[in-house]
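Listed next: structures, encoded as C-alpha cells.
Here come two complexes built around subunit A, the first alongside subunit B, the second alongside subunit C.
Up next, the complex of A and B:
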C-alpha cells in the first residue's frame, strides 16, 4: 500500500440552493477542488462520489455518469457510493484505497445531495433505517436518535441542557464559516424551547435539510511532494458496519460502529485518541456528537454530555469538535457531509480555516462520518506534512 | 405499499413468528438466513411472547406523511420476556405514561391507512399493562 495525500478540496456553499441543480452542485465543488489542488483536470483518472438517495430526492440515478459529464470529467471511470449519511466518508475511503493500491495516481472523492427539490425529506432520510421493522412502525430518523438520547440520559444522567450545549457550540463555530447554511449564534434557551421533533429532541437538536457538494483530490504522497503545495497525509482509514435496526444492538446508549471504525483507524495510524488535535464528528443530532465523542475515546462513557457543557469541545477546548460548525450549523447535505468533514480537516491542518483556525497549530485531525442510526461509520485520521 | 411486499411479512406482523437458531438457540425477529450469534444457517419457527418492557422510547411530533393523522404518538423499543427486542408504537398511551421500564403487552392494530390504492396495513403495537 502506498502512502496517500489529499492535495486539494472544494465545497459549494451549503444551504437552500433553489437555483442550483444536482449536476451543477457537484461540478461547482469539483472545479473548486481542482483549482485548489492546482492540477490539470485531465490528470484525474477516477472518481468515487458519495450520494445517499438522489433517486428519492430528485428522481435521478446513474449519478457517476451525469455528474462526471457535467463536471467535465468524462470519460474517466467513476462510481457512486452509498452508505446513507456516511456515503461521503465511504467514497473518500474508496478513493484512498484506489490510490493506495497503485491502480491510479489522481482520484477524486466527491459527495453531493440535493435535498430541497420538493421531496418529503423525513421520508427520504428514513430509508436509512429498517423499512419493514422500524419505519413501518412510524419511526423517523430523529426518533431513532431520540431513543438513543433517552437511553443515554437514563443510564448516565445526561441532560437536555448538555444536548443543547452541543448545538450552541457548533453554531458558534459555524458563525465563522462562510460555507455554513446557518452561520448564526444561538442560546441554550433557543434549543430548549425549539419546536419538538421527537422527544427529547427539538428542532434545534437536529441538523438541517441542505443542498451542497464537496470534493477532495487524492494522490500518492510521493507525487504530492513534487507539486510544491501544502498537503495532508491520510494515516488511518477505518470503516465498519453494524445492524441497521437500532433494536438489534445490545447497548442503546452507545453507537458501537463508531468505536469499531475508530479502532481500525487508530491502529493503522499507530496513534491514540489523546494524539488527535481536533475532530469533525457526525453531529446529525446533538446526542450523536455526545455519544460519538465517547466512542472515539475522547471522553469516558457517560462523560460526553458534561464535557460538551463544560466547554472541553469548544474551539479553545481540550479537544475541539466540529470547528466547521458541524452538521448542525454548517448543514448536512447527507452524501456530501463526509467530504465536507475532510475539507475542514484539510483547511485546519494547512492553516486555511480563517476566523475559526485553531490557535495551536494542529498536527493530527480526524473526520468521523456515520450512516443511519449507527449502521455504518468511517473514521479518517489525517496528518499535516510540513 | 404493494400487496406482495405486505403479504410476505404477515407471519411476523400478525403472529410474531421468529426463527430460533438450531445451533445456538438465539431467537431472531424477523427471521434471517444467517445467525448473527453463531453463523448457523438452520432455524426452527417459534412465536414470540407478548409481554415485555420498554427499554427506550420517544414521542414523535413530526411524522412522515402516512402517520400524520396519528401524531403525536409514542414509539418504543420493547424487550420481550425472552429477550427479543422490537420497535413499535405504544397504543392508547399519553406520552408521559411511557418510560424506560414500563411493562407492556403486544397487541394487533391497524398501523397505516395507506394512500389511494394501497392496502390497509396492520401489525403489532404495544399497550401499557395494568
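Up next, the complex of A and C:
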C-alpha cells in the first residue's frame, strides 16, 4: 500500500441553495478543489462520489456519470458511493484505497446532496433506517436518536443541559465558518426552549436539512511532495458496519460501529485517542456527538455529556470537537458531510481555518462520519506534513 | 386625482387561540406564538364565506363613499376561497349591494395577492376614465391543513375599496408590481388544503418579491421610508412583515398600526388590504402610506397612498378595523372550530 496524501479540498456554501441544482453543486465543489490543489483537471483519473439518496431528493440516479459530465471530468471512471449519511466518508475511503493500491495516482473523493428541492426530507432520510422493523412502525431518525439519548440519560445521568452544550459549542464554532448554513451563536436556553421534536431532543438538538457539496483530491505522498504545496497524509482509515435497527444492538446507550471503525483507524495509524489533536464528529443530533466522543476514546463511557458541558470539546479545550461547527451549525447535506469533515481537518492541519484556526498547531486530525443511527461509520486520521 | 373613495373591512367575531390549536395536536403553543408572533386568529361563522365577507366589507365601503351603488362600473373580488369553483362570487355581491346590472364582474385568484390585484385593476379603470367608480375586494376564509403550521394563521376577513376620480379620501400616487414564476405555495384542482415548500416560501418567495416591489416603488416615486407615516406588508405571520420592514428601511412604529396579524391571523387575499384599512382609520390628511402585498407563485403589488382632507370626514362612517378586532370576540374550542370550518365529514342530504 502506498502512502496517500490529500492535496486540495473544495466546498460549496452550505444552506438553502434554491437556485443551484445538484449537478452544479458538485461541479462548484470540484472546481474549487482542483483550484486548491493547483493541478490540471485532466490529471484526475477516477472519482468516488458520496450521495445518499439523490433518487428520492431530486429523482436523479446514474449519478457519477452526470456529475462528472457537468464537472468536466469525463471520461474518467466514476462511482457513486452510498452508505446513508456516511456516504462521503465511504467515498473518501474508496478513493484512498484506489490511490494506495497503485491503481491510480489522482483520485477525486466527492460528496453531494440536494435536500431542499420539494421532497419530504424526513421520509427520504428515514429510508436509511430499517424499513421493516423501524420505519413501518412510524419511527424516524429524531425518534431513534431520542431513544439513544433516553438510554444514555438513564444509564449515565446525562442531562438536557449537557446535550444543549454540544449545540451551543458547535454554533459558536460555526459562527466563524463562512461555509456554515447557520453561522450564529445560540444560548443553552435557546436549545432547551426550542420546539420539541422527539423528547428529549428539541429542534436545536437536531442538525438541519441542507444543500451542499464537497470534494477532496488524493494522490500518492511521493507525488504530492513534488507539487510544492501543503498537503496532509492519510495515516489511518477505518470502516465498519453494524445492524441498522437499534433493537438488534446490545446497548442502546452506545454506537459500537464508531468504536470499531476507530480501532481500525488507530491500529493502522499506530496512534491512540490521546494522540489526536482535534476531531470532526458526526453530530447529526447532540446526543450523537456525546456518544461518538466516547466511542472514539476521547472520554470514558458516560463522560461525554459532562465533558461537553465543561468545555473540554471547545476550540481551546482538551480535544476540540467540530471546529467547523459540525453538522449542527455548518449544515448536513448528508452525502457531502463526510467530505466536508475532511475539508475541515485539511484546513486545520494546514493552518487555513481562519478565525476558528486552532491555536496550538495541530499534528493529527480525525474525521468520523456515520450512517443512520450507527449502521455504518468511517474514521480517518490525517497527519500534517511539514 | 384618483384613488380610494370609500373603504371597509369586515372581521368575523369568532376566534381561536393558538393554545386551542396546539392543545389539539400536542404541540407547544408558546413556541408557535413565539415563532409566528401570533396570539389568535379569526374564524368564519358557519354561515360566512368569501361572499358574505365581501358584501359586508363593501357595504361599509359604500357607507364611507356615500355614492349610488349603481355608479360602480366594475366589481372584482380577489380570494383563494371562492365558494364556487365555477360560478362567480361577484354576481352575488353586486346584487346584494345594488350595483349592476351594468357592471363588469370578475373573480380574481393569485394566492394572497388577489385582493391587491382587484384594487390594482379597479384603480386602473377609473384612472383610464373607463368608469366613474370601481370596486376591488380582497376576502378569504383561508385554508390550512389540520396539524399544519398554516392552521395557526389561516383566518377569515376581508376589505373592500371603492376607487374613483372624485370624492377621493386617499389618493393613489404610484403603483408597482414585481412578479416571477416562484412556486412556493399551491393547491391543485380538487385538493382541499394548500401545500407549501417550507423554508422556500421565505427568502426566494416572500422576501424576494416584497423587498423588490417595495424598493421598486420607492425608486419609481423618489420617496424614502422616512416620508411615510405607515407601511403595510403582507402578513402570513407576525415575523415576516416586521423583517420585510427592517430590510426596506422602515421603523417598527411605521408598521405597528397596520400589523393586525397578531390578533387576526393571515386573511390571505384580505391581509394587507385589511392592514391598510387599519391605517386609513387613523391617518390624517397628507399622511403617506405604503402597502406591499404578496401572493405565492409569486408576486407583490405596491401602492403609495396619500390621505386627503376628505379622509377624516369618512373614517367614522363605518366600523373601524381595530375596533372589530377588539370587540365582541367569541373564542371557539377546537371542536367548534373544525365544525364551523367544515372540516368534519357529514352525510349529504
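In this section, the second predicted complex is superposed on the first by the 386 of 386 C-alpha atoms of A that agree within 3 Å, B and C clash if a C-alpha of one lies under 4 Å from a C-alpha of the other, contacts with A are read in each partner's own complex, and residues count from 1 in each chain.
Just so it is clear, a residue touches a chain if its C-beta (ideal position, glycine included) is under 8 Å from a C-beta of that chain, and two chains touch if they have at least 3 such contacts.
From a predicted model like this one, the values you see are computed outputs, not experimental measurements.
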Room on subunit A for both subunit B and subunit C (clash or fit): fit
Partner chain in contact with A:139 - subunit B first, subunit C second, else both or neither: first
Partner chain in contact with A:18 - subunit B first, subunit C second, else both or neither: second
Which of subunit B and subunit C A:225 touches, first, second, both or neither: neither
Partner chain in contact with A:196 - subunit B first, subunit C second, else both or neither: both
Which partner reaches more residues of subunit A (counting touched residues only), subunit B or subunit C: B
Partner chain(s) touched by A:147 [first = subunit B, second = subunit C, both, neither]: first
Touched partner set for A:116, first subunit B, second subunit C, both or neither: second
Which of subunit B and subunit C A:35 touches, first, second, both or neither: neither
Vertex subunit A; arms to subunit B and subunit C (CA centroids, nearest 10 degrees): 80
Where subunit B and subunit C come nearest after superposition, their Cα distance in Å: 6
Overlap of the subunit B and subunit C footprints on subunit A, listed as residue numbers: 195-196
Subunit B-touching residues of subunit A, taken from the complex the two chains share: 120, 122-123, 126, 132-140, 142-143, 146-148, 150-151, 154, 195-201, 243, 245-248, 252
Partner subunit A, residues of subunit B touching it in the complex: 9, 30, 36, 55-65, 67, 70, 72-73, 75-77, 85-89, 95, 100, 111-112, 121, 123, 125
Footprint of subunit A on subunit C - complex, ascending: 27-28, 31, 35, 197-200, 203-204
Touching residues on subunit A, where the partner in the complex is subunit C: 16, 18-19, 116, 118, 193-196
